[in-house]
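Take a look at the structures listed below.
What follows is a pair of complexes built around chain A, which joins chain B in one and chain C in the other.
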Partner chain A sequence: MKVRLNFISPFVVGGIKLVSNYIESIDYIPGNVIRAALARYILNNCHYYDPDEVVTIDGIQKKNWVYFKDKPRCSDCKLQTLCQKLGDIRISFFYPKDTMVIPSTLMMCKMDPHHGFVDRLIQQPRCAKCEGGRGRVEFVSGLLKDGKKYNVVKSFVTRTAINRYTGTAKDGSLYSLLAVSATLQDQNTGYEENVFEGQILGLTPQELSIIDELRIGKYTSVGLGRCNVTVMDEKMDTPDVSKVIQSLKEFDAQYKRNNGINDDGCRYFAIKFISDAKLDFGFADVNEYMSTDQYKAVWLKALGINLDVQVEKVYAEVFNFRGYDTSKVGEDKREQPVHMVEKGSVIVFKTHLAFDKVIDYFGSLEGFGQDTDNGFGKFDYHFGGVC
Partner chain B sequence: MKPVMLLDRFYNKYIVKGILLAETPIHIGSSGESLDPVQVDNSVIKDSNGKPYIPGSSLKGVLRSYLETLLSSGIDERFKACLIVNDPCLGNKEQLDEIKNIQESVKANHDADRIIAEEIYKRLCTVCRIFGNPYFASKLTVNDCHLKGDAHLSIRDGVGIDRDTGTAADKKKYDFEQVDAGARFEFYMSVDNLEPEHEDILKLILKVLESGQLRVGGKTSVGLGCIRLTETKVYKIEQHNLRSYLMQGLKEEMRWQYV
Partner chain C sequence: MSQGLINILSPKPISFSEFKKLKEEFKGKIKDADSGIKALLEDYWDVPYYFSDDQDGGCWSSVRDAAHLYVLLNYLLYGRPGMPFDTTKFYRQFFEDSHDNIKEFIVNIAAQKPAKLERDVQVDLVLGSIYKIKKYFLENNRIKDIRGASTIIKYMNEELTRQFLSQRYIEECALYCGGGNVLMLLPGGQGSEACRQLEECFAKVSLTAKVAFEFISCTINELFNDYSQKMRALHERIEERKKTKVYPINPDSDLEEIVIDGKKIDFTCVERINSRGEVCRLCSVRDAKYIVITPEGRMAACPSCMRKNMVGKDKAIFYEEYQRVIGRSPKWDVASISDLKDSHGHVAVIYADGNNMGNVVMNIRNPLQNMYFSRKVDYTTKRCVYSAIHKVMRDHARFEAIALGGDDVFIIVPGDVSLEIVNEIIEGFDRSFNYELTMSAGICIAKHNTPLQSMFQVAQAKLKSAKALARESGVKYGTVDVEVIESNISVDLSTSRWALFPTDSLKLSKFINVIKRMKDTKGINRSQLYKFRHAARELKPYEFQLFYAYQTARLSQDYSTFVAEIFGVDPRRFSGLIENPNAHKGKPFVSPWEDIVMLWDCVGGGEDSVS
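Let's turn to the complex of A and B:
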C-alpha cells in the first residue's frame, strides 16, 4: 500500500557529518529508518517492554528487540498485529511527494538549467538549445519533479551541550543540523508542506492506521522527525508488459543509433536503481588492477543475475558505508562495512534474449543486493531521458 | 580545602520575592521606532498585554554594576570584583593559556570537566562567581518584573538649552514616556548554590534594594528610575526541604531567618 508521511517538524535522517560539527540530513528516507521508527513506537507502547532485556537473534545479542511476547495483556494490545508482523513487512524508500530519482546518465546544460536534460545513453553530450547547439553539459544527481531538478527545503538548527559544572556551553559541543523542513514552499502564499511517500507491504491500512504519530530519524527526543502517517489510495500501478517491451525496443534502437552499433542479433536495455543498493563486490580478494571486462564481470556477479546477459556499461556512484546497529549489546555497535551503490545509478545490459524473457526474469526479482526488505536495491527499467 | 559549589548538583537555593515600588517615575525605553508622527519619541518597554515592565536584565545589570563598584572600593577584603566590560576575569591570554594547559594535562581524566570547572571558578572574582561570566553561568537570576495592578503612563517633554543664548536650542525638543511614581512591580530573584561566605553579598543586595538607592532605566541622573523593594520575603531551600519545595512550593517554614 502507498503510504504518506506528513511531517510536522523538520527531520534529520542519515545525517552525514560534512565537517566535525555540521550534520546534514539526506533528502529521502530509507526503509530501515521507517522500520526503526515503527519498532520504537511499538516498544514505547508495549506493556512488557524491558530496556535491559537481551534476546539472541542469529547468534547476536540484541536489546530493544521487537518480538511478539504472547503474554496476557498482548491479546488486548492494539499494536498486536503490527508487533507480530514487523519482521516480515517490506518497506520501500520514501521520497518527497511527486518526485523521482534522476538517472545518473542524465546531463544538464552548464549555462542554463532550464534547457532541460540530455541522456548520455541515447544522445550526444551537448545542449541543443544553446546557441549553435554545442552547449556544454554536466552530470546531475538527486531528484526530479515536473521534469526539473528538485531540492527539498532545509533549515538550520544550531545546538550545544551544557557543561554541567559551569552551566555554560560545553567545550567542542556546538553543532549544527541541516534538517529537511519542507518539500514544497510557495513563495507567494507562504504555504509549506513536508510530505514524503513510499510503500509498505505486508500490513493492512487498518493495522497501520493505529499509529497516530511517528518519530522518524535522529534527534527525535528533542522534537525532530514528528510525522503523521496516512494510507493512500490502494490502487497500485501494474505495468502493461506490452508497453514495457515497446519502450525497451525503442531504447534499444536509440542506444544502438547513438553508439553506432549495427548488430541486430543483440539487444540492449538499461535499469536504474530507484533506491540505494548494498552490493557485495567481493573486493576483499582483489589485489591487482582489473580490466574493464573483469570489472563488468564483478558487477554482474555482485548483482547476482542468473540470466544470459552481460554488463555493457555502468554509470554508478559507489561509496563505502558503515552504519551502526544500536540494538547490539556491547561497546562496538558498528555494522560490517558495505559498498553502497547510490540511487539513480544506471546499468546497461547486452543480451541475445528476447525482451519478454528479460521482463519475466527481472520482474521476478525483489531487488538487488542485501536488505531488499528495507527497500534497498530497488530498480526500474530506464528507457532514456526523463522517464 | 573545602569544595567549591559548582552547578552540577543542588546545594541550596535562595528565593527573594517582593514588590518593587517606583518611588520616582521610571523610563525603560523600548527599541521600536514608530513612523507615526504623533507617537512619542521614546516609549517605555511593554509586555504582550501592553503593560510596562522592568526587564530582569535591567535589574541584574544595575545590581551587578553597583556591586562591582562597592567591592572594587575594598569595603570588604574577602570579596573582589573585576570590571566585566573592560577587564573581565579570564580576560587575558595568559590566564586562558593557563586553563588550556590544565585542560591538556587532565584530558584523559574522566573527571576532567569538573577539574577544569573548579580551576575556572577559582580564578573568578566574587561578582563573576555570583553573576556569571562567559566561562561560568550566573548563579543569580532575576525575572522580568511585571506590573502589579495598574500604572499611569505619562508623556514628559524635554528640551536642550542653547549654551550661548540660554534659550531652547533649535530642533532639540523631544518627549518621552514614563511610568509614573507609585507603580508596583512583582519582584522575583533566585540564587543557586550560594556559598556560605557569599550570604553577606546577598544581604548587601537586599539592603541596597530595600533602601531605594538603586535606579533603573534611563534618565536616572535627572530624577527618574528610583525603585525600592518592599514586602520582601526571602526563602532558603536546602537539601532537607528540597523535596517539600518541589512538591508543594514555598512555605513559611522555608523563610530565611536573616529577614
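Let's turn to the complex of A and C:
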C-alpha cells in the first residue's frame, strides 16, 4: 500500500556527522529508518519493554529488539499485529511527494535548464534546442519534480545539549542540525508542506492506522521527525506486460540507432535503481587493476543475475557506506562497511533472449543486493529519457 | 577561428626582430646547458615561436611547446621505449636554423593547415584523470588532512607522472599534466600497459583517490589532423571507465615512504593498531590500522587518512607557491579553520571557476593549443588568486587553498575579506583573458565551526547560480553569488534571498566600495540598518515606505544616497525598497536591507575592521 508521511516538524535522517557538533540530513528516507521508527513506537508502548533485555538473533546479541513476547497483556495490546508482523513487512524508500529519482544517464543543457533533458543512451550528448543544435550538456543527479530538478528545503536548527544529571545546558555543547523542513514552500502565500511518500507491504491500512504519530530519524527526543501516517491507496498498480515489452523494444531500437549497432540478434535493455543498493562486489581491500570489461563482469556477478545477459554499460555512482546498528550490544554500534550503489544508477544489458523471458526473470526479483526488505536495491526498467 | 579565441589559445605576438633577439639569447643559454634545457624553456611558455619571418596564421605555438613537441615527435619516430634517448640533442637541433620535415609539420599544425609526416607511426594517446577530487579532500574537517590530500593529488599528477615517463619513455611525452588531468602521447602499443601501471601507481600512493586512465590508438598524422574527434573518443572511453569502476573499501599498500619535492615522508614510523574492527576516526568509514597524533590526541586512522595526515603535517604546497608568486610568505601558518576566522568568527569558502571553458576546449584543434591553453589558465588562475589575497590582506595574508589548479579555485579566507578577494580574483582573471573568458564564484560565509563539506556544498550551489547569471544575462564580466549561513534559517539553495545577488563583478565592486564608505560615515548607524531590515520584513510595502521616509527625515538622508548608489536608482525616488524586476513572479518590491545587513560584516573597513 502507498503510504504518506506528513511531517509536522523537520527531520534528520541518515546524516553523516561531519564534525562533532554538526549533522546534515539526506533528502529521502530509507526503509530501515521507517522500520526503526515503527520499532521505537512499539517499544514505547510495550508493557514488557526492558531496555536492558538482550536477545540472540541469528547468533548475534541484540538490544531494543521487537519480537512478540506472547505474554498476558499482549493479547489485548492494540499493537499486537504490528509487533508480530514487523520483521516480515517490506518497506520502500520514501521520497518527497510527486518526485522521482533522476536516472544517471540524463544530461541537462548547460546554457539553459529549461531546454529539458538529453538521455545519453538514446541521444547524442548535445542540446538540440540551443542555437546551432550543439549546446553543451552535463550529467545531473538527484530528484525530479514536474520535469524539473528538485531540492527539498533544509533548515539550520541550533540546539544545546542537556546535561542529563543537572538538567541544564551542557557546557560547550551547542550543536547544529541541517534538517529537512519542507518539500514545498510558497514564498508568496507562506504555505509549506513536508510530505514524503513510499510503500509498506505486509500490513493492512487498519493495522497501520493505529499509529497516531510516528517519530522518524535522529533527535526525535528534542522534537524532530514528528509525522502523521496516512494510507493513500491500498492497491498497488500491476504493470501491463505487453506495454512493458513494447517500451523495451522501443528503447532497444533507439539505443541501437544512437550507438550505430546493426545486430538484430542482440537486444539491449536498461534498468534504473530507484533506491540505493548494497552490492557485494567481492573485494574489500584488494587494489588490483582491472580493465573496464572486467569491471562489467564484476557488476554482473555482484547483481547476482542468473540469466543469459551481459552488462553492456554502467552509469553508476558507488560510495562506501558504514551505517550504525543501534540494536547492537556494546559500545561499538558500527556496521561493516558496504559498497552502496547510489539511487539513479543505470545499467544497460545485452542479451539474445526475448524480452518476455527478461520480464519473467526480472519480475521475479525483489531487488538487488542486501537489505531489499528495507527498500534497498529496488529497480525499474529504464526506457530512456524522463520516464 | 575568431580573433578572441586565437588570443586565448596562443601567445601574444611579438615582432620578428624581437623574437630573433630572444632566440639568440636562449641559444646562448642552452649552449652549455646539458639536461637543464627543459627547465630553461619554462620561462618561454608565453613567448610565440616563429619558424620564419613570413609564417602564416595568427595562431602561434609557444617556444616551450614547439620545442617540446619537436623532441616528442622525434622520440615517437626514432626512439624506443626503455632505451636511452638524447633529448638535449634534439632540443639543440630544434633551435638551429636548419629546416626539416618535423619542423615543417609543426609549422603547419600551428597554422591549422593540413599536415603530414612522410614517415608516419602508430601512437597511443593516454588520458588520465583523478576525479571526485573534492570527495577525497573533504573526508574530514581537519585542515592539515585536507592539505595533505591536496599535496598527494598534486604529487601524483605532476611528480609521479613525470617520474613514470622519465623511467620508461621521456618526460616530453606528457602533453600536459596538472589540475587533475594528464594527457600523454606514447609510442604505439604502450597505452594499455601504461594505463595499468599508472592506475596501480596512483592507487598505491593515494589508496582512495579515484583515478582512471584510458587510451586510444592512431597514427601521428591521424591524431594531429583530427585532434578534436580523437579527444572526444578518448573522453568517452574515460567517462565509461569512471562510471563502471568500483573501488575497494579498505585499500592498503606496502608503500613505506614518498618523496615530495625533495622531502621524504616516512610512513613506517607510524604506530600500528593490533586490534581489528576499529573504525577510522578521520573518515568514519574505513577500518583503522594506525594511530595518528592530532591536537585532539591519539586517533585511530585508516591507511589512506594516515597518509593524508602525515603529508599534511609537513607540506603546504600553496604557501610555497604563494611565496614564489608574491615574493613574501603568508604571515599566518594556519593550523585549523578557526585560525582563519575574522573578529565575528566567520570564515568563507570561495569556490570559483572559468565560464565557457568547455566551449574553448571544444574549439581546440591541435595539441599545441591544448598545451598552451591548459598552462595559461593554470598560471593565470594561481596568479590572480595569490595577487588578490595579497592585495586585500597585505602582510596579514592568511588563507588556505584546498584546490587551486586549472581554472578551479577552492580556497578558505576570513569572512570579512571574502567579497573583496573574490572581486579581485574575478577582475584579474577577466582582464587577463581580455574578457573573452570570465570567472564566476560562489561564496559561503559561516561560523568557523561549520563543516567545510557543507560550506563547500553551499558554495557549489551559489557558483551554479552565479554561472546561470553569466549565461542568461550575457554580462561581459565575471559573476558572484553568496550565501551567509546563520543559525535557525531555512536554506533553499534554488532561490536567492538577496536583492543584489547573484551579481557581476562590476556591481560587486560598487557594493564593496559603498559599504566601506557607509562604514566610514558618521550618520550611518548599524543598528538603524537592522531596524530597516526588520521593518521591511514585517510591514507591508507602503507602510514600510512611510516608516522609512519618517526615519530618514529624522536621522539622515545618507541612507538613501548610499543604497540608491548600490542599486543604481535615483536617490530622490528611492523610498526604502527596490522595485523587483521579476515582479510578475512574486513580490513587486524587494528589500535591499537584507543584503546590506548580512554583508556589512563581510566587507572590511570602518570601526569593525579586522586586521
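FYI, the second predicted complex is superposed on the first by the 360 of 387 C-alpha atoms of A that agree within 3 Å, B and C clash if a C-alpha of one lies under 4 Å from a C-alpha of the other, contacts with A are read in each partner's own complex, and residues count from 1 in each chain.
Please note the rule applied: a residue touches a chain if its C-beta (ideal position, glycine included) is under 8 Å from a C-beta of that chain, and two chains touch if they have at least 3 such contacts.
All figures in this text were calculated on a predicted structure; none of them were measured in a lab.
In the superposition on chain A, contact is made by A:Ser181 with chain C only, not with chain B. Shared-chain residue A:Arg73: touches no atom of chain B or chain C. Taking chain A as the reference, the larger set of touched residues comes from C, when chain B and chain C are compared.
Once the two complexes are overlaid on the shared chain, A:Tyr165 sits against chain B while remaining clear of chain C.
Shared-chain residue A:Lys333: touches no atom of chain B or chain C. In the superposition on chain A, no contact is made by A:Lys129 with either chain B or chain C.
With both structures placed on the common chain, the touch criterion links A:Trp299 to chain C but leaves chain B unconnected.
Looking at the shared chain after the overlay, A:His352 reaches neither chain B nor chain C.
Taken together, the two complexes place no residue of chain A in contact with both chain B and chain C.
Chain A meets chain C in the complex at residues 16-19, 21-22, 24, 104, 110-113, 136, 151, 153-158, 176, 178, 181-182, 185, 187-188, 281, 283-287, 289, 292, 295-296, 298-299, 313-316, 318, 320-322, 332, 334, 337-339. Listed in rising order, the residues of chain B touching chain A in the complex are 6-8, 103, 113-114, 116-118, 120-121, 132, 134-138. Chain A meets chain B in the complex at residues 163-168, 170-171.
Here chain C touches chain A in the complex through residues 140-141, 196, 199-200, 203-204, 207, 214, 237, 240-241, 243-253, 277, 279, 284-287, 358-359, 362, 449-451, 453-454, 468, 471-472, 485-495, 586-587, going by the rule given at the top.
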